[in-house]
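Below are two complexes that have subunit A in common, paired first with subunit B and then with subunit C.
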Partner chain A sequence: MPSYETIAFRAQDCDGCMKCVTACAQAKSGADDPAQSRIQILGAAGKWELALCRQCGDPKCVSNCPSAALAKDAETGVVAWDADRCVDCLLCTVGCAYAGITRDARVGHVSKCDLCDGDPACVKACDRGALTLNTAARIHRRAAEREDLFAPGLAACQGCNSELLIRHTLRHVGPNTVVATPPGCIPGMGTVGYNGRTGTKVPVFHPLLTNTASMLTGIKRYYKRVGRDDVQVLALAGDGGTSDAGFQSLSGAAERDEPMLYICVDNEGYMNTGMQASSATTYGSWTSTTPVGERLQGKSTEAKNLPVVMMTHNCSYVATAATAFLEDFYEKLDKAIEVSKTGMAYLHVFAPCPTGWRFGSDRTTDVCRLAVETNFFALWDYTPDAGLTFTRPTGRPRPVREYLAGIGKYRHLSEGQVAHIQATVERKIAHLRRFERTGA
Partner chain B sequence: MPHTRYLVVGASHAGLEAVTAIRHWDAEGSLTVLSREAHRPYSPTILPYVVSGRSRPERVALKDAAWFEARKVDLRCGEEVVSIDTAGAVARTASGTEWRYERLLLATGAAPAVPPVPGLADVRFHVLRTLDDALALRDAGAGATTAVVLGAGLVGLHAAEVLAKAGARVAVVERQAHALPGYLDAPAAGIVEAAFRDRGIALMTGRTVSSVQSRDGRPVSVTLDDGGTLPADLLLVGTGVRPATGFLEGSGIAVGQGILVDDTMRTNIADVWAAGDVAQARAFFGAAPIVNGILPDAVEQGRIAGMAMAGDPALKPYIGGLPINTFPFFGRHAVSVGIAGEDDPSVEIHRRLDARAGLYSRLSLKDGRLIGVCTVGMPIDAGVMWQLISRRVDLAPVKQDFVVAPLDTGRALMSRLWR
Partner chain C sequence: MADAAALLPNAPKTIVCDGNEAAAWGVVLSRPDVVAVYPITPQSSLVEYVSQFIADGTLDAELLNLEGEHSVLSALQGAALAGARTYTATCGPGLAFMFEPYVRTPGLRLPMVASLVTRDMLTPQCVWGGQQDAMTVRDCGWIHMYCETVQEVLDTTIMAYRIAEHRDVMLPVNVNHDGNYLSYGVARAEMPAQAAVDGFLGVKDVNWHAALDPLRPMAIDPLTGGAGGPGPSMFVRYRKGLCNGMRNALRVIEETHAEWGRLTGRHHAPLIEEYRLDDAEVALVTIGSMTGAAKDAVDALRSGGKRVGLIKVKTMRPFPVEAMARALSKVNAVAVVDRAVSYGWNAGPVYQETLGALYRARHMIPAVSVIGGLAGADITDGHFARCIGMAFAAAASGQAPDGPVWLNEND
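Take a look at the complex of A and B:
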């Protein structure tokens, strides 16, 4: 089944200006009358809501139509309405929970959003970014059309998002690449290979924990010297290999702004060797080296804030990402690939570990989402010129308790520890805000 | 003997929705649809528009051949099932074919219920349930100068409007106290009735027909219980429908008013399901199961039955049939969702009526939750109201806003619920 574009609404970004409503009325009926708009914004300041056709995948309006006047277009995904067949019975409106198809009394029949042939007037009129043509599906499809440069049958734990992450990364980075995977889960799941065969369709190697960034530096410089500057070098490293033993060489490469793409897949510890703590392990986490007992209640120190550390090096680009927000990740990945032709791009990607953190393997995406929505793991990107930009709103976070609640490694937390984590989250966000671009 | 994993009997809303649902989960299992109709699948609801000429009969098919082909569905038109052997899992058709099934869906809908009026059996009268009925009524309506319609339900009133527009003098006889009983409350029905009377249609509510007189097998006049007579060179019976269960005799499938089903539309026989106008299922309000007999519910039940038959784990059990209807008349609309609750003192009823302008709205709330809405001539989102009622959304925090502006408040509530 093809995937389609739809109009997405971010209530928190809507200021009720009604420009979308006017634009739709203009586009569809040549009038300014808001009643003739197919998009309606309702409610009151601070809590605007939307009535609009969602172009459902399994549209009830279509099922309810006795005259075959409605059909979902297999090509565009638009639920299309045929004036000639419509008998004005309104049974379609019975099926719609969104008020996305309603009767326009002036014209004497129902009307609904048709996505303006793929270029919606309302989206163009929205200057706050509250309405977007959600191209997530198209981007996923684009990713799927590219060659998967990993071999089938990698053996990550059930529910691990790293496999998804590295497959999609390499699809974007492309075949003209040399990959480094220092010790960690990613080589552990078979990417460097077994029995003399690699798990990738591009050259891959296994540096030491300590020297990933310096080895990539050398490889890139060698290729440059032989006239093949187009070869991309890529690190797929864990947080241990990045923020502990690997940090010295990483710091050097960042200081020199070496052209490379370095991706840190952060599962907050050494999860493939028995769940030991790393410097990226968060405060309060149970690990096998920060146990819960009479004295110790999980890790007693804060995690090293590596993305911020990298931001204050000399990198050309630094960003954070979480796989619950793949579109956001793709955007950053594309920027990073571009930047890494001339300088260092560092991506820090959140990788909750069902095995080591102890949560259900079906919950990884939920855990990612909650981490972002509680500001526990904020999404942003940074360039030295533009400063820091949050790519998901941080203004109205959920309490961090909601994130911690479902994760086994935090099960023992006392109220005081939860309050401590909440305060840390708030302090870290306030700190990040100081790097935000101000003014235009 | 042909064998099929899924056998669906009846190719209308319930049957087709089941096909869609089965294919969502099982893309390959052999699927056969048997339809008594020679025509491609169509909706009975479209028929008044075929009679009026607004819909061309060759353009009413709900799905084209490509739709069935793409879903690998073997649609057999003109195949009427005449008996079911549930022990052997075999359905026999009028043409003598025996189909062995693994899972059977009965979506045979309903057929007109004709009242035992003296003289009626001897005349040629019309009903409106099939496309052939509609074509016959269209042709007869073109020549008729006087028409009598029995029943002021959806079928009777739709047809009365069409016949009047075609030039006939029309009278409608309804046994109940007002038009569209069971769908509309009295004030809403009053507006509808006034619109019909304004166009010269005689609406005789609270009356029954005691006999029909004929000449040469053609109706000529109708006598009412009060002794009055009505001239009639066309007679349409629209006094309700009865689930089409005749062929189930001796099958062991339990039938009450309709085929009795559980919340997954399964009958008392493990591999047999039923959905739509033929089924009698849980009611949303009230304890006794009902034959809801409306299109949106046929769709809902068809989807549930299809999911259950295919074993789709996403299946959520049926929440019970809720009355819901939209009634277009002379370019206006009456919409009713849920119940009025007039006989329940704990129900809070908010009414606004402007009889002259033909505008009406009623909201019924119980314990801070919506249980029914009825409007005439005012915009309302029936689907949003259906959601608010069926999800039992607590309206207490927004009650004032909702009573004043149900449209906007309902939309905002649903938008928030969905995010």
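Take a look at the complex of A and C:
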């Protein structure tokens, strides 16, 4: 299936202002006439809907077209309409489920979105962030051009996003890299290999659970000394090896701003060894060591807020990321790689665990997205100079119960516990806002 | 220290220093690439000396000031896997904190050198010398050599690199010197010329076998073991390889000391030293800096016609069981003086090793366990005279006391 870019719509952020419609009409006809717009916002306040071409991977408009007037561009993914070939049969409009290609008598022929050569006027006009251009396709195309440095067929659990994360990360950092992955899911899936076989095409090793940042310190400092400063050192560590037992060495490396890229893959506990609680386990979570019974109802304390802890160390760069927002992750990865040439870059990546958190393996990306959209896991980055910047809107979050509802480890929560989590989420966001730099 | 680089000897020279400074000079002459430090009594002045030497340019090395001994050894493991010759020093609680990466170093076959400025272990809370720290980790796969004098500290630090990096060995080495007595005891020491040490140590190549280097990509330490597949045999192969390295080290330690003797004229006993043993009826067995006073006691009793000798253990791991068996075969009783205890054996660790060697020699003589010098206590020539008396009594009666003699119990 060819990849494609598309315009995404967040109905809850739309206020029906119609600026997108006007912008499209202007861009395509030079007038404000909404009939000339290829994007339409329909419905009423509180339930706005989008009528727009999705640039489908398997477009029914194209397969319905008897005259080859519609075609999906293999390079850009845009479904393009050719006026010279169109016989005005309207079969394309029958094929589309999104009202993405329509005929208006005032226009005189079918029309549809062409993504404005990758810079859509409607998205630029939407000042509430309800419309965004999803450019993940560019990322996948870029990644596909680079060598996959992770062995095929490694046995992560079904639905785990760590493999996705690792493959993207390794393709991006490239072969001149030394990878450390302390005990946990990532070596468990075979990254370092078993019995003399390796799972990675770059140098890779098991540190102890406790000393990832220290071992990378020694490696990097030696390469620097011998003039091979271009060797990238990379940690792919779980939350236990980062936030619990590995924290002292991480804190020391952060204090010294050691040049390294440290990625914490946070699945909120010791998921590899049977779902025990770590300091990153969130309040209320069922785990095998914070069980649910008559006397205990999951974890009774809050998670250590490690990204914030790292922000208040001497790191050159700290960011959070979630794989539902790959473009955001890539932007941060680019920054982190650059920063890690001279200082410490810490990326804290949200990694929902279908096995340990008890949700369907097809829901990982949804869980990631909901965590961000409810502000349960906010996306931001931080440098000492720029302060904290939210990289996804936090102003109009969904209620956190929408996130909690689909996850088994929260199944037992009382109304009081849900209210507690909602209050904690709001308090954490307010706390993060204090790190934003306002003004020039 | 402005002209510190000029201190680097172009020719042998004589210095007067304590054992910690002697170790630091041994480090300077061995030219490690990466040094990681964290202070702890009575090691602190050693890492201060090394840090100052790096600050002054006397030693061209990367200095890592890390947040604890655990990270110190971890960073050095990383550096060694990248290709560095490394150095650090610790003792007591610091060694205990270092334990997790410490036990891993021999299995990775990293030829590191680390000084242990030996200190008694907590608790009771104590900052004084004793060998309980080093003795507690004697079975982790590190080579352990104990020094008797300031000069031997300097020389052994350098020799340790050649032993560790020998392709038949490839094991980390602890060069141990007694806290207080050697760390702060000042004596004359001869320093070899840098060029001589460079030639002696040869070209460094520490990660030919296991590297974290993008030019030679490999996985370091994949999971092994388990009940099926290639796991069990692979694990055994690694373990046996480490044991073979230890066995080879006995030969390499002897060769290295002989070569050092040819180079410098200083012939230290490599494994054990036999002192006035050939016609002896009984012997003391000693380890470390206590040996000086013990030799004085032997000399004094020899002057009085007593046929007594001494066996000093320098290399505790690998334990030189054949050499020890040969030496023990010459006497009819021994008193083994330990600066540490083996809990549960109610004796000292060197005593246990001595019993093992006696069995190897098929030489069933009475052996007295003596424990002294704990927590910085002095073991005097008077104490040793008492030990020799107990050895003679044991030889006469054919019986050794049941349980150890605690030398400083009534001091």
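Here, the second predicted complex is superposed on the first by the 305 of 440 C-alpha atoms of A that agree within 3 Å, B and C clash if a C-alpha of one lies under 4 Å from a C-alpha of the other, contacts with A are read in each partner's own complex, and residues count from 1 in each chain.
Everything below uses one rule, namely that a residue touches a chain if its C-beta (ideal position, glycine included) is under 8 Å from a C-beta of that chain, and two chains touch if they have at least 3 such contacts.
These numbers were taken from a predicted model, which means no experiment stands behind them.
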Partner chain in contact with A:Asn195 - subunit B first, subunit C second, else both or neither: second
Contacts of A:Thr102 with subunit B and subunit C, given as first, second, both or neither: first
Subunit B versus subunit C as contact partner of A:Thr93, first or second or both or neither: first
Per-residue touch tally on subunit A - higher for subunit B or for subunit C: C
Contacts of A:Thr217 with subunit B and subunit C, given as first, second, both or neither: second
Subunit A residues touching subunit B - in the complex, by the definition given at the top: 11, 40, 42-43, 47, 49-51, 58, 60, 63-64, 66-68, 84-85, 87-91, 93-99, 102-103, 105, 108
List of subunit B residues in touch with subunit A within their complex: 13, 17, 20, 24, 43-46, 49, 54-55, 59-63, 295-296, 299, 303, 324, 326, 328, 331, 333, 335, 337, 379, 381-384, 386-387, 408, 410-412, 414-416, 418-419
Sites on subunit C touched by subunit A in the complex: 33-34, 36, 62, 64-68, 70-72, 74-84, 86, 100-101, 104, 211-214, 216-224, 229-231, 234
Subunit A to subunit C touching residues, read off their complex: 175-178, 187, 192-208, 210-211, 213-226, 231, 248-249, 251-252, 255-256
